[in-house]
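Input: structures, listed below.
In the two complexes that follow, chain A is the common piece, with chain B as its partner first and chain C second.
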Partner chain A sequence: MSTPKATDLGGRALDFVMGIVEAPINGFERLMGRKRMPYLFLAPNLILFGIFTFLPIAIAVGYAFTGGTGLFVSDRPFVGFDNFRQLLQCEDYLRPGSCRESLFWTAVWNTLWFVGFNVAATLLVALVTALILNRAIAARGFFRAMFFYPVLLSPVVIGLIWKWFLDRNGLLNAFLQMLGVPPEIFLLDVGWSRFFVVVVSVWFHMGFYTLILLAGLQAIPKDLYEAAAIDAASPRRTLFRITLPLLGPNLLVVLILLMIRSVQIFDEAWVLTNGGGPGTANSFIVQYIYQMAFGSDLRLFGLASAASVLMGLVLLALTLIQLRLGRKMES
Partner chain B sequence: MGNLKLTNVTKAFGALTVLHGIDLTIDDGKFVVFVGPSGCGKSTLLRIIAGLEDISAGGIEIGGRDVVQLSPAERKIAMVFQSYALYPHMSVRKNLAFGLENLKFKRGEIDTRIAEAARMLAIEPYLERKPRQLSGGQRQRVAIGRAIVRNPDIFLFDEPLSNLDAALRVQTRAEITRLHRQLKTTMIYVTHDQVEAMTMADEIVVLNGGRIEQVGTPLELFDNPRNLFVAGFLGSPRMNMLKGKVMAVGEAGVTIDVGYGAPLAASIDPAAAKPGQAVLVGIRPAHFAVGDEGLPFVVQYHESLGTETYVYGTLEGRDEQIIVHQTGHFAPRSGDLLRIMPLSGRVHVFDPDNGLALPQTVSQRSDAYEHA
Partner chain C sequence: MSQGLSPIAFLTRTRRPGRIGVTDILSWAWLVLGTLAVLIPVVWAGLSSFKPAAEITRFPPTLLPRAAVQQTVPGFNAPLSLWTVDVDGQPREMAMVRRIGLKAQMVDPSNPGTPVSVDVKTMSPVQRLTIATENYTDPLTRFDFLTFLKNSVFVTFVATLLTLIVNALAAFALSKYRFRGEKAIFVLIISTLMIPLTVVMVPAYLVVVGVGLVDSLWGIIIPTVASPTGVFLLRQYMLTIPDELIEAARVDAASEFRIFWRIVLPLTAPALAVLAIFSVLWRWNDFLWPLIVLSSRENFTLQVGLNAFQGEFSVQWNYILAMTFLSLAPVTVVFLFLQKYITTGIAGTGMK
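Our next item is the complex of A and B:
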């Protein structure tokens, strides 16, 4: 393997790096044969993935069948399906209070409501934003950047910023007072706090989904719109008969990613609502898992792991549906 | 009525003017081809007629109606795109129906029109298929079908054959011509392919640099190009150009010295030339006779196509390449010296300063000679 003689700086840097890796790579190739070389290149990523993803999954599944408060497997008694029984034992699933693990079912229902509203709101806002940003408007690049910037922030920072904004003495109340509206303690009201958890989530994540939808919109050939214009299609019909059907694959990706990430809601909501408040109004599944395992010295790793496994199964189901639908769309 | 009138149509993108005051009238039922090199403005002009581009100045009338302020849909035109622009998620039937549904046609009328267009274009077997399940030629026919069902006053074609292979192109060319005869609707067709222009057009509009160079029937343009651009653009291989000087001006025409002691006679209006004037003499490859006298032509190589032969070479002692066309088999060797003589009445003369053709005493006509 030889590299062409380069005169520019980048080329020389490349030559230098290639000079270093050439000998060991040639050695590996002689040792393993050319056909097995791809696995060598995949190995670093696979090892990292194994240690930080597959191994924890295996540990969590294992822990889900153990009890006690010990940290190490050797200290934990095997309890079979006890943890799952504890989570799933319920007189009426619609009334969390009737369940043995009422906090878990409160979190499940809170999460389901959140997923419903958050998915619908984010999808709609991202779609409308993408449709607007896809038009030839002034300062388009600036707006694209503006909508994407929140994605770059840490969830904790997002939670704190919005908390300042919504606090009793926050910006929003100051603004309302200026208009003569009496101040509201938004984060201590069940309705308002749930509303703002969705608002914050939409604001935080919409830039990412807008980007995916914008890429899809830009991939639709311009001449289809010209053909539609000649075909006398109204803007409404062009949207519903041309744009949205052709955006279908992107909408599906966004929908599934959005659902998976909504089910995983935790950090920004935890910071914003001071740990799921008021009461348990904003207590979600991941928060339940966190609290059982690490909150206030409960150390119920088995129960937390079982809840994780149940949530993992739901996410797996969602992913499989995505793959199935994606394939169906392609064919 | 599908007649079209363009008055001083000007189009600028920012500081760049791409169309400079186009004036053009197209009669109802004509097949008109816009031809010219890349970037000459022919596609822009078509898109302006379609209403897909605004004009910077000027007027457009279709069927006597001012359409400048009208949307594409209101102009009663239909367009076939270079990329076909079929809706990929709709079946062929839905592609054809979409425009009619938008115009609120009754279901029965839509079905009748689709059936008729499908039969005309032989796409009945594919009506339920999606565009990606069709070959390039079939897609092309669907795109034409989508235009036909609209029953427009004017059909617009934007380089519709450029994505087809050579054999299919010839076939589809004939189909579009047949369709024009059948429908008798005005068709405007944009191409950069002069063979398409020559074979399909009732009238050709040659565009260059955003201006119309010449308008006329294919043979008018071939026989009497108005300037050097049209002379060079139409005809393949291109017209040979020789530098010369007017020797004498007589009543029947002029004689031109191109060197070698073999003066050429050209039927030029005597009032338009004066002795001593420098000119460019244009002679098409097919308009040379190879014989015992004439200009000394040194052969470099030749291309035999079976029924015809192109011989490439130079005039003795000069550098400009000259191409001579001969029918049948003809196989001169490299370095052979031939004598070539322009056919009488087939000599074009241009003013090298402004590129314009000097006016002829009689228009050259294709039927005035038999060999070529």
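Our next item is the complex of A and C:
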């Protein structure tokens, strides 16, 4: 917020505006009394929350039970569990092709694989980095900042930067050619594109989790390490007997947070893989929801909402676990 | 030179001075490799964004942006391209008049007499360091990028301003008053932290259509103004402001709003700064919600515009990368100057 002192003119203008804003608010205070002021102060926030957060949540569930192509609930016929039945009808869940909504199950399996690899890789990289940054190492602040930098970038920018890096004429292929490896169009290969979606995700987010784990490491009392040094405990023993057990709760919180975020993979993968390609190799659940609802002229809002509700239930379960862990940590 | 001033001693300083173990070397290797992994794709995109269209797809690529040099030669209307040519074992710079099969006709640019016929195998183009500023100016003038940029700046600025005001007011109420429903409201607001946009995006879109904000910049500003993160951050900070200050102001007959505006808000400046930084980053980088809400091109933000642009011009990487860099630059500047605030803000709240 700009300070009124910035320039005299700006200050006077601000005073003038605030005088106008202040008058009705002070009038309200004189009329209703000081006790009611907090409600007035909360009003803008709560009105916006009500309209744009609570109302959608309330509608979300109802929406999933309606069909048709109308946008408003009143224009939509009630279809009971039809949308859910359509999503869940399947001969063999392991083979998405045998399901009525094969795209949905392809997305579910792609997401599960992504979550598995991404959570493991991010956790490992973030933990190692946090452990290293927790050592009395020179230029620690610089490295911490460096690893954190990608977290602040936009997913579209990251998708494009990596798309260029992995391009047929990109730097990676130039490097491989120097080593005598033939060039590869990474993003058109099913295996490579999946691999690089994970790489890009780790690259993007690991700094955030490193920061959280580092905060946890720095909260471990120093005298424990001093005691271990007096006992001449090996570094490995110190790591497994002191550091990791005491970091345990933080690790669990990071694990759940990572899972919650990984399930919702969309933006950077969408840009990187040109909308989930090659084919449907990188189409994930959020992309399925987006495409059903907004991607084509079909506007299958009911089906998209049903998929949202299913994903929401998974996220809710993960959140409840996280809250329980958080409470346990506090006590 | 004393121990404390030696750069080597400084760089290798560890817990036990003088002894560098295997762990230290491995740690350094990890950190340096990690830093390279972070920087290389970004720097590479940046360098590429200055390459001329003809150069950007060259493989193997050159590190720095270069371009073939052209020169006006007296006697020829169009500028001719310069090539290094082997003439009698001597490398010379010559201008190419035309090319016929495997032979090219070259003239000496400073002394254009009769053209010499040269084998194309022996010649290579003369390249100089060239910065293709048209990669930046073209999208801003010929395409809609100036509009996208304006929209992004407008959304970021207005949404951040509103976020600060609306959430500071709520945080003030929740930290400095005792009233009925206080706790319930706080829990209600904080609980929305757990609800991701991806779960409610379809009904949220419906609501935005319902209130008539679809395909409008206000449709991406207003729904994101009330922020649980913002309320939480500011409330925790305002709790540390002593109530005596407020009581004293009340004795002086200051109105409640004046107390908020003149006393509490200035004292909350550090937390407001952190929220402002976060808010700017959220809005500038936001993609999924604007993608859903905005449908006409003149309303696109930079991120949505970039995404649309790369779909349409999949080969014009020089333009795409330049605009990518334009979108990345403000974030990088913010980060360079406010790195400490951002990292401590995130470590303190566990949010981003």
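Here, the second predicted complex is superposed on the first by the 275 of 331 C-alpha atoms of A that agree within 3 Å, B and C clash if a C-alpha of one lies under 4 Å from a C-alpha of the other, contacts with A are read in each partner's own complex, and residues count from 1 in each chain.
Here is the rule we go by: a residue touches a chain if its C-beta (ideal position, glycine included) is under 8 Å from a C-beta of that chain, and two chains touch if they have at least 3 such contacts.
These numbers were taken from a predicted model, which means no experiment stands behind them.
Partners chain B and chain C, once the complexes are superposed on chain A, both fit on it without clashing. Of the two partner chains placed by superposition, A:Asp189 touches none, neither chain B nor chain C. When the two complexes are overlaid, the chain among chain B and chain C that reaches more residues of chain A is C. By the document's definition of touching, neither partner reaches A:Asp82: not chain B, not chain C.
Looking at the shared chain after the overlay, A:Arg34 reaches chain C, while chain B stays out of its contact range.
Applying the stated contact rule after C-alpha superposition, one finds that A:Ala233 touches chain B and leaves chain C untouched. In the superposition on chain A, A:Ala139 contacts chain C only, with no contact to chain B.
Residue contacts after overlaying the shared chain place A:Leu153 against chain C, while chain B stays out of touching range. Of the two partner chains, chain B is the only one that A:Pro221 touches; chain C does not reach it.
Looking at the shared chain after the overlay, A:Val128 reaches chain C, while chain B stays out of its contact range. Chain B and chain C never share a C-alpha pair closer than 6 Å once the two structures are laid over each other.
Once both structures are placed on chain A, no chain A residue is touched by chain B and, in the other complex, by chain C. Partner chain A is touched in their complex by these residues of chain C: 10-15, 23-24, 27-28, 30-31, 34-35, 37-42, 44-45, 48, 56-61, 164, 166-167, 169-170, 172-174, 177, 179, 182, 185, 188-189, 192, 194-196, 198-211, 222-226, 231, 255-258, 260-261, 265-266, 269, 272, 276, 281, 284-288, 291-292, 303, 306-307, 310-311, 317, 320-321, 324, 327-328, 331-332, 334-335, 339, 342-343, 346-347, 350, 352. On chain A, the positions that touch chain B within their shared complex are 221, 223-224, 226-234, 237, 241-242, 245-246, 248. Residue ranges of chain A in contact with chain C, taken from their complex: 1, 3, 18, 22, 25-26, 29, 34-35, 37-39, 41-42, 44-46, 48-49, 51-57, 59-60, 63, 71-73, 128-129, 132-133, 135-139, 143-157, 160-165, 167-171, 173-174, 177-178, 183, 203, 208, 211-212, 214-215, 235, 260, 264, 266-267, 271, 274, 286, 289-290, 293-294, 301, 304-305, 308-309, 311-312, 315-316, 319.
In the complex of the two chains, the chain B residues touching chain A come out as 50-52, 71-74, 77-79, 81, 83, 85-89, 98-99, 102-103, 146, 150.
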